[in-house]
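Here's the structure, in structure tokens; my notes come after.
As written, the chain order gives the labels A, B, C and D, with residue 1 at the start of each chain.
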Amino acid sequence: MAADGYAGPPRVRIPLAQPADARRRRAKGPDLTHPHFDLPNEALVEMWYLLLLSRRIAERWFTLNRQGRAPFVVTGQGQEAAQVGTAAALVPGKDWVLPYYRDIGVMLTLGMTVEEFMLNVLAKATDPNSGGRQMPAHWSAKELRVVSQSSTVGTQIPMAAGLAWASQLRGEDAVAVCYIGEGATAQGDFHEGLNFAAVRRLPVILVVENNGYAITESQEKEMPVEHVADRAPAYGMKGIVVDGNDLMLVYRNMHQLVEETRRGGGPAIIELKTYRTVPHSSDDDDRRYRTRAELEQWLKRDPVDRFRARLINDGILTEAHAADLDVEADQEVREALARAERAPDPDPATLLDHLFAAPPWGGTS
Amino acid sequence: MAADGYAGPPRVRIPLAQPADARRRRAKGPDLTHPHFDLPNEALVEMWYLLLLSRRIAERWFTLNRQGRAPFVVTGQGQEAAQVGTAAALVPGKDWVLPYYRDIGVMLTLGMTVEEFMLNVLAKATDPNSGGRQMPAHWSAKELRVVSQSSTVGTQIPMAAGLAWASQLRGEDAVAVCYIGEGATAQGDFHEGLNFAAVRRLPVILVVENNGYAITESQEKEMPVEHVADRAPAYGMKGIVVDGNDLMLVYRNMHQLVEETRRGGGPAIIELKTYRTVPHSSDDDDRRYRTRAELEQWLKRDPVDRFRARLINDGILTEAHAADLDVEADQEVREALARAERAPDPDPATLLDHLFAAPPWGGTS
Amino acid sequence: MSEQTMAEALRDGLRDLLAADERVIVLGEDVEAGGVFRITEGLLDEFGERRIFDTPLAESGFTGAAIGAALGGMRPIVEIQFVDFILPAVNQLISEAAKMRWRSRGEWQVPLVVRTPWGGGVHGGLYHSQSFEALFAHVPGLKVVAPATPADAKALLHAAVADPDPVIFLEHKRTYRLIRGEVPDPLPAVGIGEAALQRDGGDVTLISYGLMLHECLAAAETLAAEGIECHVLDLRTIAPLDQAALLDAARHTGKVVIVHEDHLSGGVGGEVAALIAEHAFDHLDGPITRVAGPDVPAMGYHAKLEAAFMPDAARIAEAVRGLAAY
Amino acid sequence: MSEQTMAEALRDGLRDLLAADERVIVLGEDVEAGGVFRITEGLLDEFGERRIFDTPLAESGFTGAAIGAALGGMRPIVEIQFVDFILPAVNQLISEAAKMRWRSRGEWQVPLVVRTPWGGGVHGGLYHSQSFEALFAHVPGLKVVAPATPADAKALLHAAVADPDPVIFLEHKRTYRLIRGEVPDPLPAVGIGEAALQRDGGDVTLISYGLMLHECLAAAETLAAEGIECHVLDLRTIAPLDQAALLDAARHTGKVVIVHEDHLSGGVGGEVAALIAEHAFDHLDGPITRVAGPDVPAMGYHAKLEAAFMPDAARIAEAVRGLAAY
């Protein structure tokens, strides 16, 4: 065990043979993440709870920032349906997942606990993602096959191709799923990574969370076509465009695509039209580049409210149950935060650790 | 004048106001390179001569290599129609041109003299491209707006976008034309450069000389689509595919595209299906990756023979005239070589020159 | 004469340059809205969208386009949002910008300025805190500057845009708002390649640049109270190095401490030390000492991991004391 | 025991590694046909197209894919056709491969080997002759090796593939067919990070690597005839440097000449000199001298421009004579 309190790999959260996630507390129905199940009512409620919890984690993070307890925030309020709906179609611990910085919803659905988010936000020594080395929201969870992320956008696409390739060589039927914003698809690695995957028909899915902006730049400054998915034919790929704020639509489309890709259908792009209803990060002021009217329009399509309304309309959820869950989510976040706050800060003496497996100088490995 | 005998810029070969190329000896008819002229018979003969001369220069270079007088050869036998046909549609000295290493035909058509090719091949101090600093076939000719090329493939596409942009900002109606092999279009700079050009609708044309191979790799290892031009829609661009061994087809399509782009039609791709009938370079043995049968098939479509046959068939050229021109081309190359051989080698003392305009140390600028 | 922050001096410098020369254009991610550090704020309104130009999120593509624009007669100023994200553009910078003049023997030139925030101290973690000056300083054909004061920043920005060759212009992001200073008007010119003596002293020579210069000056204050006088040189330009100035500074005391934030191995300090060990050997009175970040991929995000990485006045003073007593 | 060229030793090494471990795969441009230097010749026939794998012409893409494959449990060996063309992949190597283990505190690792020919002497001009070891040696998290003999090449290739971290494996292209040597069977292991003394002598220490090692040895022969005995150290690994060995070698004579083909400023020689100037200062009997390529973008294509760039035994001997007389 390293001096920073981190137990080190390998840790197995989810037995690979049994993809049911014991750690996701609310899983009352059959395993959501198993693609062969239909979705019973309980699972739909659970999915709404994941949307809600993602939202609450993000909001709490902003609060911590205002309180001076978290120097930096980057979140994805408004994008939760795109995240939860796609991740729910994956098999955690089997499929490779390369989420991006806004993907609280992806990580929550795959099995990261609320406490772990809070450890991450507070950059604690026991943050499982990097132990306070990286900015928060740079996910890593080996047992979930979530590969450690850099801030450098685009690099994850070729890496996803390589992960898919490794799985293929090893005779697994895993799919590699890479998440990305629409702006980042302008990077050369988009072209090189997709081309590599396409030439060898590797099982790679690129999930584009198109929120219309790359920090301050609106989509027309980034690309000359309406949809990122319009670029799929350049790689002989399937490309689909989905309303990213409609949870069920996202889930059904992703589910089908994952099945196709898993069965050898080759790489594909799924583009989710959505919106971040908050600034790019705690350092940003979004009023300098977009109108309040535009924001209001999108708030009407808020994925959390929208799915709740639908569940209530369909008689699956009551107002009272929803209100209870809201309280529960709030409480879950509060309790997790309280526990996380008691965790140790990173020990500066550990800075040199883990440079190499067998270090040629200095720290332990 | 630098110690290596190189006079240094600026040199003006072609007065920009008068695009007729006085230095192209055989231009009997109206200026070929001026896009508003129809093509009289003399011009057609001249174009055939350019094909022939390109071929003879390349062949002589291989001979010099076998004789131990040129350490390295890279040429484009078989691709001459793609080169001459596209370059003939440009205005030398006005349009920006970024040819690639096989483009003897492009440079010859734009106005590089046979002697200059020989100076280049022999890496003489007076080689106008780089004075023996670069490998041969790394073109540069400022007065022709041919920008110095590196060996690094792909980088020229964003640069072409920038040149087009500069011309637009300066109120010129120049087009920027970048030449590339199909293999090199797998580079990220293809995506980034075309995207940049497309977002701003810059007057850029990408000429893809698709010879089916990137050194030893056949096209299906490079890309999952049949045509590079299939990728044009990803940038909202026009993309056309042309038989690159049919000179007139190449010229007419390029001519039309240049006109459209010059008038604000935005960037475009023209892909020329062709074949190099020689190894990749003097270091390559193409028998390790392609069959003689395949080569034979393509030799039947040889662009030089094919255009000659057509001119003879149409009564524009006689066998006797063709034979005369053949002798003439041979002689032109021989004389140019003899002159070039008398030119001085680079002076090692000049190695430090031209690092910076005002050198902080060492050599003169 | 007015006191400004680094950020203000740079913004003013950009405005002056845009006003003075039609060929100057500014491009990069988010520059129209002012950029993430607000250095280009207000420029769009003043100079319009033909000259202040948001690019797609593609550093190789827009750096390559800027090289093209420079070849085509413009004077582009590229902003790379964080120096950490310059890596995708390294091929364009090293293979093209740096070699263009040399390979064409002066026929073509690339008057390009690449502005980019570098360095740590702002809780940026691995990808918003790095130092890449050593990478570019090793590339013949590139000039690299790293001013430490508002006046130098503005003067060197003028010099960089006036320069007919490509210049990597490094702005330490922690200094943007932290460092204030007089910016004289008219502004005395600073040439690229000119170091500046920031403090005169006879005991130990400190050679540094960027944020670390200020830590050196702070250490020098502390040490002066202890009777140790430091001779502090600000390199200002990392490539080409002001060899005469740094050898003079080394000879002046015979004891040299080189300080940079970038990690030790292969950093700029190695080159500086090597020059001194070769050309000022006879004047040396003690080992050439380097104070630098440790050899790990970057500083950590958590404040404690960041502080553990960053050299500071205390560590510098300790090194100087050791050497002074040598 | 058999005598082999560098190329043969490397080809044998690859074959052994592929035969020994199913996880080893080879990818790059033209590797199926043997590669432009024929190092992978015959491997496709022997190991099949699942393990010997031509990639599209996209260095960032296939290096990134190799990083992914390494994360996924494979042991990829990437071939970059010429080190000059590694620049598009620098972002993947520095931002991802080098930082992966550190940023995940050991959770993820990238056991990747990037083989690539470097250096000049083959009429490659600007883009087929460069040296980039200094760029990578400055990146914490990457190991960089540059063997100079066939036995070392083969042994270090084994060490690189066995290493759980990313290794940049530099093969000097001029040595492929020029340098022959015994390759013992069984082959003694060479650890990454271990320099080797190639000649013992008491007057002047030469520190080098790659092709230049052979020029140093040639110079040492000449000088021995003149009565000057050289102590010649082959670094073999550029990062991490074998500090103990290089400091010992420096202390042994007190006079050091560092030789590399890469241009001078910011080269590996600077770091080596700085280490000596700091940690072996008391043993120094003369200025630490560097012999290196000049600070121009690359060597020229013409034989005369190439020769003007490349350090050689004559230039090295001259530097040694000067220092010996100091």
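Before moving on, here are some points about what is shown:
Simple rule for what comes next: a contact is a pair of C-beta atoms (placed from the backbone, for glycine too) under 8 Å apart; a residue touches a chain by one contact, two chains touch by 3 or more.
Worth saying up front: this structure is predicted, and the values here are computed from it rather than measured.
Across A-C and A-D, it is A-D that has more C-beta pairs touching.
Taking each chain's centre as the mean of its CA atoms, B is the chain most distant from subunit C.
The distance from the centre of subunit A to the centre of subunit C, each centre being the mean of the chain's C-alpha atoms, comes to 37 Å. Centroid to centroid, with C-alpha atoms defining each point, subunit B and subunit C lie 41 Å apart. With centres set at the average Cα position, the gap from subunit A to subunit B is 48 Å.
Counting partner chains per residue, subunit A has residues 130, 133-134, 138, 150, 152, 186-189, 191-192, 195, 199, 221-223, 355, 361 touching two or more of them.
Shown for subunit C are the residues in touch with two or more other chains, namely 55-56, 58, 60-61, 84, 87-88, 91, 95, 99, 102-103, 126-127, 140-141, 240, 295-297. Against subunit C, in their complex, subunit B makes its touches with residues 2, 4, 6, 8-9, 96, 129-131, 133-134, 138, 140, 142, 147-148, 150, 152, 155, 157-167, 169-170, 176, 188-189, 191-193, 195-196, 199, 353-358, 360-361, 365.
Every residue of subunit C that touches subunit D in the complex is listed here, in rising order: 60, 84, 87-88, 90-91, 94-95, 98-99, 102-103, 126-127, 134-135, 137-141, 239-241, 263, 265-271, 273-274, 276-279, 281-282, 284, 286-290, 295-298. Considering their complex, residues 29-30, 32-34, 36, 54-58, 60-61, 84-85, 87-88, 123-128, 294-297, 300-305, 307-309 of subunit C touch subunit A.
Contact residues of subunit A toward subunit C in the complex are 71-72, 123, 130, 132-136, 138, 150-154, 183-184, 186-189, 214-217, 221-223, 283-284, 288-289, 345-349, 351-352, 355, 361-362. Note for the complex: subunit C touches subunit B at residues 25, 50, 55-56, 58, 60-74, 76, 88, 91-92, 95-96, 99-109, 140-141, 143, 163-165, 193, 240.
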